[in-house]
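Chain naming follows the written order as A, B, C and D, and within any one chain the residues start at number 1.
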Amino acid sequence: MTDFLKDIKQIRFEGPQSDNPFAFRHYDADEMVMGKPLSDHLRFAAAYWHSFAWEGGDPFGGPTFERPWYPQTSMESAKLKADAAFELFEILGVPYFCWHDLDVRPEGASFAESRDRLFEWVDYVLPKMEKTGTRCLWGTANMFTHRRWMAGAATNPDPDVFAYAAATVKSCIDATVRLGGENYVLWGGREGYETLLNTDMGRERQQAGRFLQMVVNYARKTGFKGAILIEPKPQEPSKHQYDYDVATVYGFLKEFDLETEVKVNIEQGHAILAGHSFEHELHLARCLGILGSIDMNRNDYQSGWDTDQFPNNVPEVALAYYEVLKAGGFTTGGTNFDAKLRRQSLDAEDLVLAHIGGMDTCAAGLKAAARMLEDGALEGALQARYAGWETPAAQAMLTGDLEAAAARVEAEGLAPEPRSGRQERLEALVNRYVG
Amino acid sequence: MTDFLKDIKQIRFEGPQSDNPFAFRHYDADEMVMGKPLSDHLRFAAAYWHSFAWEGGDPFGGPTFERPWYPQTSMESAKLKADAAFELFEILGVPYFCWHDLDVRPEGASFAESRDRLFEWVDYVLPKMEKTGTRCLWGTANMFTHRRWMAGAATNPDPDVFAYAAATVKSCIDATVRLGGENYVLWGGREGYETLLNTDMGRERQQAGRFLQMVVNYARKTGFKGAILIEPKPQEPSKHQYDYDVATVYGFLKEFDLETEVKVNIEQGHAILAGHSFEHELHLARCLGILGSIDMNRNDYQSGWDTDQFPNNVPEVALAYYEVLKAGGFTTGGTNFDAKLRRQSLDAEDLVLAHIGGMDTCAAGLKAAARMLEDGALEGALQARYAGWETPAAQAMLTGDLEAAAARVEAEGLAPEPRSGRQERLEALVNRYVG
Amino acid sequence: MTDFLKDIKQIRFEGPQSDNPFAFRHYDADEMVMGKPLSDHLRFAAAYWHSFAWEGGDPFGGPTFERPWYPQTSMESAKLKADAAFELFEILGVPYFCWHDLDVRPEGASFAESRDRLFEWVDYVLPKMEKTGTRCLWGTANMFTHRRWMAGAATNPDPDVFAYAAATVKSCIDATVRLGGENYVLWGGREGYETLLNTDMGRERQQAGRFLQMVVNYARKTGFKGAILIEPKPQEPSKHQYDYDVATVYGFLKEFDLETEVKVNIEQGHAILAGHSFEHELHLARCLGILGSIDMNRNDYQSGWDTDQFPNNVPEVALAYYEVLKAGGFTTGGTNFDAKLRRQSLDAEDLVLAHIGGMDTCAAGLKAAARMLEDGALEGALQARYAGWETPAAQAMLTGDLEAAAARVEAEGLAPEPRSGRQERLEALVNRYVG
Amino acid sequence: MTDFLKDIKQIRFEGPQSDNPFAFRHYDADEMVMGKPLSDHLRFAAAYWHSFAWEGGDPFGGPTFERPWYPQTSMESAKLKADAAFELFEILGVPYFCWHDLDVRPEGASFAESRDRLFEWVDYVLPKMEKTGTRCLWGTANMFTHRRWMAGAATNPDPDVFAYAAATVKSCIDATVRLGGENYVLWGGREGYETLLNTDMGRERQQAGRFLQMVVNYARKTGFKGAILIEPKPQEPSKHQYDYDVATVYGFLKEFDLETEVKVNIEQGHAILAGHSFEHELHLARCLGILGSIDMNRNDYQSGWDTDQFPNNVPEVALAYYEVLKAGGFTTGGTNFDAKLRRQSLDAEDLVLAHIGGMDTCAAGLKAAARMLEDGALEGALQARYAGWETPAAQAMLTGDLEAAAARVEAEGLAPEPRSGRQERLEALVNRYVG
């Protein structure tokens, strides 16, 4: 046991009336909801990066945290960090974790050393995974922190950087496979531009498309059975990022014939920055058949950058899980907390409490969503609204031509009368379940 | 001659030194730029709606304008409006105009009467077009003002509204063809949602896709040779509109196999609302091969809704036309002023001066863009930045697999060194042309 | 009884388990909370304008509603509207209503006729108020809809408009007094600018300041005992409005020595448009001693304009009422629903259900806030955080000079160690009460 | 001479036709504009922090720059940095520079050592200032980077941090005085909050107000004759910063009787983040009599955080300087470039070119503003718009009461007719000068 969490015991479910901050009030992993345990619905994953690699800095300030594994410059510190991480996973009872290569080990002096260190970390944590039962939800490559990536990875104007990105992703896929990871994620942190004046988007798009095809091919060649996921984000760090939102990613996948191979990992904060609600992005991905996994955090609605806060608003979270449930629930995906402590939350306790609060918010949200779906009132209202389309005549119109549809207007003297959209009634209905 | 513009004479080019507000300082229609007259580059169009149909209201206030053709409730007023409109077109020397059906005639008591009135207007203006030489850049259907459209046109939950939309677009295409229109535009003002609680986006997307296929088929059947254009907008009036931005429209076109049939009409204000610069949207559409036409206005950067102001910032406009020129210039498309007077700009003079200012801003911008392109410094810097990709080895990497690309890293000991993106140098370079 | 609400019965409290949409689940007017009835805490008011005067239009569409009192052009229609309004007030059991002059009667052909019609309406509703027990929370003048106000009321460049504004406010204060109104509100809908190019903010600020002094003096002269309230809003309809937010209004009041005479009426949607949370504006007004009343609605976080939706998120509303309770609760102020139906919510039922949902959200929020305050855990944590300031040495520092404070650093070798801000712990704590 | 800028020669004015990127095209320091040299109008200052202390990191990436004075951990590196800085100042011919304590020397092990190092730097640069003629526009204290400031400086919940802030500001004022600084600036980087749940704004406001009074008293006691300036910013790094914008700062100064002692240093990027245009903030500060100095940069309109880019849009900058000129020009203030290279702009050349481009943009903007003001057309239109207020009757209304103003309406049968605001005409007028 490291010193980091030494005073904190296993977190247990105590029910809604508990006032013990170190207990779950809503998350009972074994509670059966719509026929399966809550833990199987939520598939929680902790994020290695924010919780263990981030030191509390922001654009105007340096590190605020003090952790036993700082400075994060040696494999010894990386192993101490892994020890603490798995202790947290176990204390929380999260079934999964997620990682970038840079989170788990410092870069080496050469690519080969960096890769070897990654595999050394894999060897180090495999027994821990075995012992604790914690699994890998996904792995990914950090291709945005080091200065070599400053102008992009796959979309870099320098083909050597493209090669370096290929080598990096290959090693991360290899590590993910060895860890039994259920997904592999690509977030294009620097795949975008700072100024159009030095950018050829057409060329960079072709590079990105071809890169993704190569990644898919390689992953399948290794026998990787999990999902390959793109994580949309509209901007930050770049002024504009190519994987702007779900709709943008879909067009990109279609262009490169990848829409059946690649899905999306959707983050609340990224949705907000793109001008969408979280449930919008989930709903759209569901309709397009590309909903893969989620990063559950929240953005401060008054901040124009990615704040990555732990979720705390049950009604909002309920609407998100409602989409997940309508999609049939997660298969390989899950709920990753891409959420970080505020930089003033210095204590180890804060890290634990933030996860408890987030997990409870998600559990309460998912259960509310399940009640909504089971009761069927919302779905019933939805179907009633579109019921007119279920007639053969209406369906026929969709397979006919414009003239035929137009002809009906005069033939039948159509003057369609609008019907109430009933928004406030439906909002009040939702509040029956989330309150 | 109507009374409306009676004191205003034909606007002429007087050169940059002129201090006559009723003269062009930059727009000399016949000035040769990159081998063709400025008027052929810009292909200016005036918008019937903002300039003749909008009465100065906003969400908190009623009409402020007083025009001879108010109230706009009869075909007589529609004809008086047409008289005034063609007088403006002629005074300004704009070669084109654009219209919605509702701009040019009041709705009738039935669909048939509405359509007949539209054709009556066509008959009324054809001689005017002949006489003044003003042509139709595009026509479109207003499927957002009347309450029947409140929940969408093609995406309405009521199939009768879909039919009504089909009949409406059919009549507008017919009118466009009769007027010799060079494009037909679809702006999905109510194709979106107010709340996801009552919305099935998958279903509505299928309706929209099928509708667009029907429109394309019909237009081609009539022999229409122009372009069919979608105008992206992210929101307003809807909370979310389906044709969010260029990238979103591209994915939609790909899904319905329409990406070679349909292009986009891009508006500055809509780009801004979607979180993009105007030049971003143009650049992306150029790269995707779907750049059709532009709506030239500007959005107030401090306002969260579509302000549709006349353009006045030459450096910004120059970057937009730079993309148009790089795309080879307009073919069927042009520069439509989807721009409206501020509601305090009550006088007929204001309407004329707003167009003069806008046209001059565009002319100055296009000429700056042409100088940039002809001088080649910006393009040269761009090509130099990507020059590494021109080697056979780099090109081969794009057709190879991930392993081969990765192997180079170790074989060659790659440790790519970043190179300056030179943004500030390029920004200063641009200022050489726009100042 | 009008036909409008004829099928709808008095709304009653049925408790959280009720699935009757026409019942309150949380709002039991007589429930005792912190020593007084819930109705005395919330002091609900219905808004005449959105609920009875607004016809469902938006910037891209015309009216969608059809009400028995349309067109709103005669005193007969005004009286029918009043009949329906008081029926709604009674059905809902709201103790208060709020109004603009233009909501309640059409303008006349002259100022005098407009004023007389206003008083005619007063005479018409006084017996209804008596009969139903509904009181007037506040009145206000609509000085933004008519074109005379397009460039401002008190801040207009035309002194005749200033005079017209003076006469208008005078008549509205007179009407408010006659109705026993508990507050008088000023919202500066056109007190702002569209472009700085034609604006002298210094001059307009002096006009506004002097106008407000005159208003206060007149109100006090009439014996009006209620509060005079400014309603901050940052923009819309103007590009920039002078009463931007609470902090801005405070500076304005200080400049004109009105900070003890005038308070603020804070709206959630306006707070959001100004870049603040609702609770921020409330907290600041509380600290500055100028918290008067609230307009309870919500803004769509994805829309850049004022959406004025009925509140539906209990956790958010709880944080707002927490500030109200910390301020000691409302005195003359209350909870006005400056919230409107979505324009697709056509039916009378929608209007009733929207209010029920909003009232229930507020009731649940207020009760959660009361629990938070009574339990004291949040306040306790707050006081603990600042406890260091309670020492005499710390207090003395605030009355000393910079040198003395600085001297302590070296004398005592100060090297202050930061302490956790505990944000996530506190967020989880809040969730104990709002869930 | 350091190696850093060794290949770059003194930048000279070559005129608009020059295509030498290392020359000024618009900035001729000695050009006489409105009776004084351009350099006296603009009073350019280079910022030590972005240009010499910032290493190119962002929230998602580490340093990208490589400078001879890295790592910035010793006084030797601080001196090498000072050498390079003064070389840049001289090459550019900027008359001023600005600094934070943390920019110019690393912190020591104790407060005393930190202060001594600051004074050591003062001793080191005084001869350089003498030799090059570069003066100090302002100094300021960095009270946001070190973790001790994470919860604020003057507004910290820990009184020891308040004391540390007092000592820090005292030493920075002392250094500013020794350097002959013409202003002292306070930017409240952490004076704000992350969450209201742990914040008492009333208490923190009192701390901030008292602190500022102590600062003013101390500065005056030292004989400091310059201006004391607050720099408004709405958010970032904090979720909410207390010095939100000019209007907010004004209210704060009024509350603490400091409005004649303290002025504002206004930054374009901060104005944009607060929802204002730059010229709005300048115009308001001018009207309130608190316009002190400016930080000239620009924000990316598509980014929600402070991008601090070098200015490049002449029309925008012209409107800003128009306000400065209307205020009578700078007295102690000047034009500081709080602007930084993009992190991909790695080369020393980029740093020089960015300043050249920025200075040229400002010079062109100021000259355009001077032409506008000298020609008088814009001012004339403004005065004409308000001319009605110049009559004795109108002025009398402002000193009378509401009843008297109201009485005029009926007595004179007022029905004021709106007049055109002429926005588009004025925008076109501005374009005559900025093109």
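By definition in this document, contacts are C-beta pairs under 8 Å (C-beta built on N, C-alpha and C of every residue); 3 or more make two chains touch, one makes a residue touch a chain.
As the structure is a prediction and not an experimental result, all values here were calculated from the model.
Although subunit B and subunit C carry the same sequence, what matters here is overlap: shared residue numbers make up over half of all numbers found at their interface.
Two chain pairs, A-D and A-C, are weighed by contacting C-beta pairs, with A-C ahead. Here the spacing of subunit C and subunit D, counted between their Cα centres, is 36 Å.
Chain centres here are Cα averages; for subunit A and subunit C they lie 38 Å apart.
Listed for subunit D are residues 64, 147, 150-151, 194-195, 235, 240, 275-277, 302, 342, 344, 418-419, 421-423, 427, 430, each touching two or more other chains. Contact residues of subunit D toward subunit C in the complex are 110-112, 147-148, 150-151, 156-164, 166-167, 169-171, 194-203, 205-207, 210, 214-215, 217-218, 234-235, 240, 244-245, 247-248, 250-252, 254-255, 274-277, 279-280, 283-284, 286-288, 319, 378, 381-382, 385-386, 388-389, 391, 393-394, 397-398, 400-403, 405-410, 413-419, 421-423, 426-427, 430. Against subunit B, in their complex, subunit D makes its touches with residues 16, 19, 21, 25-26, 64, 272, 275-277, 301-302, 310, 312-316, 341-342, 344-347, 349-350, 353-354, 356-357, 360-361, 364, 418-425, 427-432, 434-435.
If you check the complex, the residues on subunit B that touch subunit C are 56, 58-64, 144-147, 149-151, 189-190, 194-195, 235-237, 239-240, 273, 300, 302-306, 342-344.
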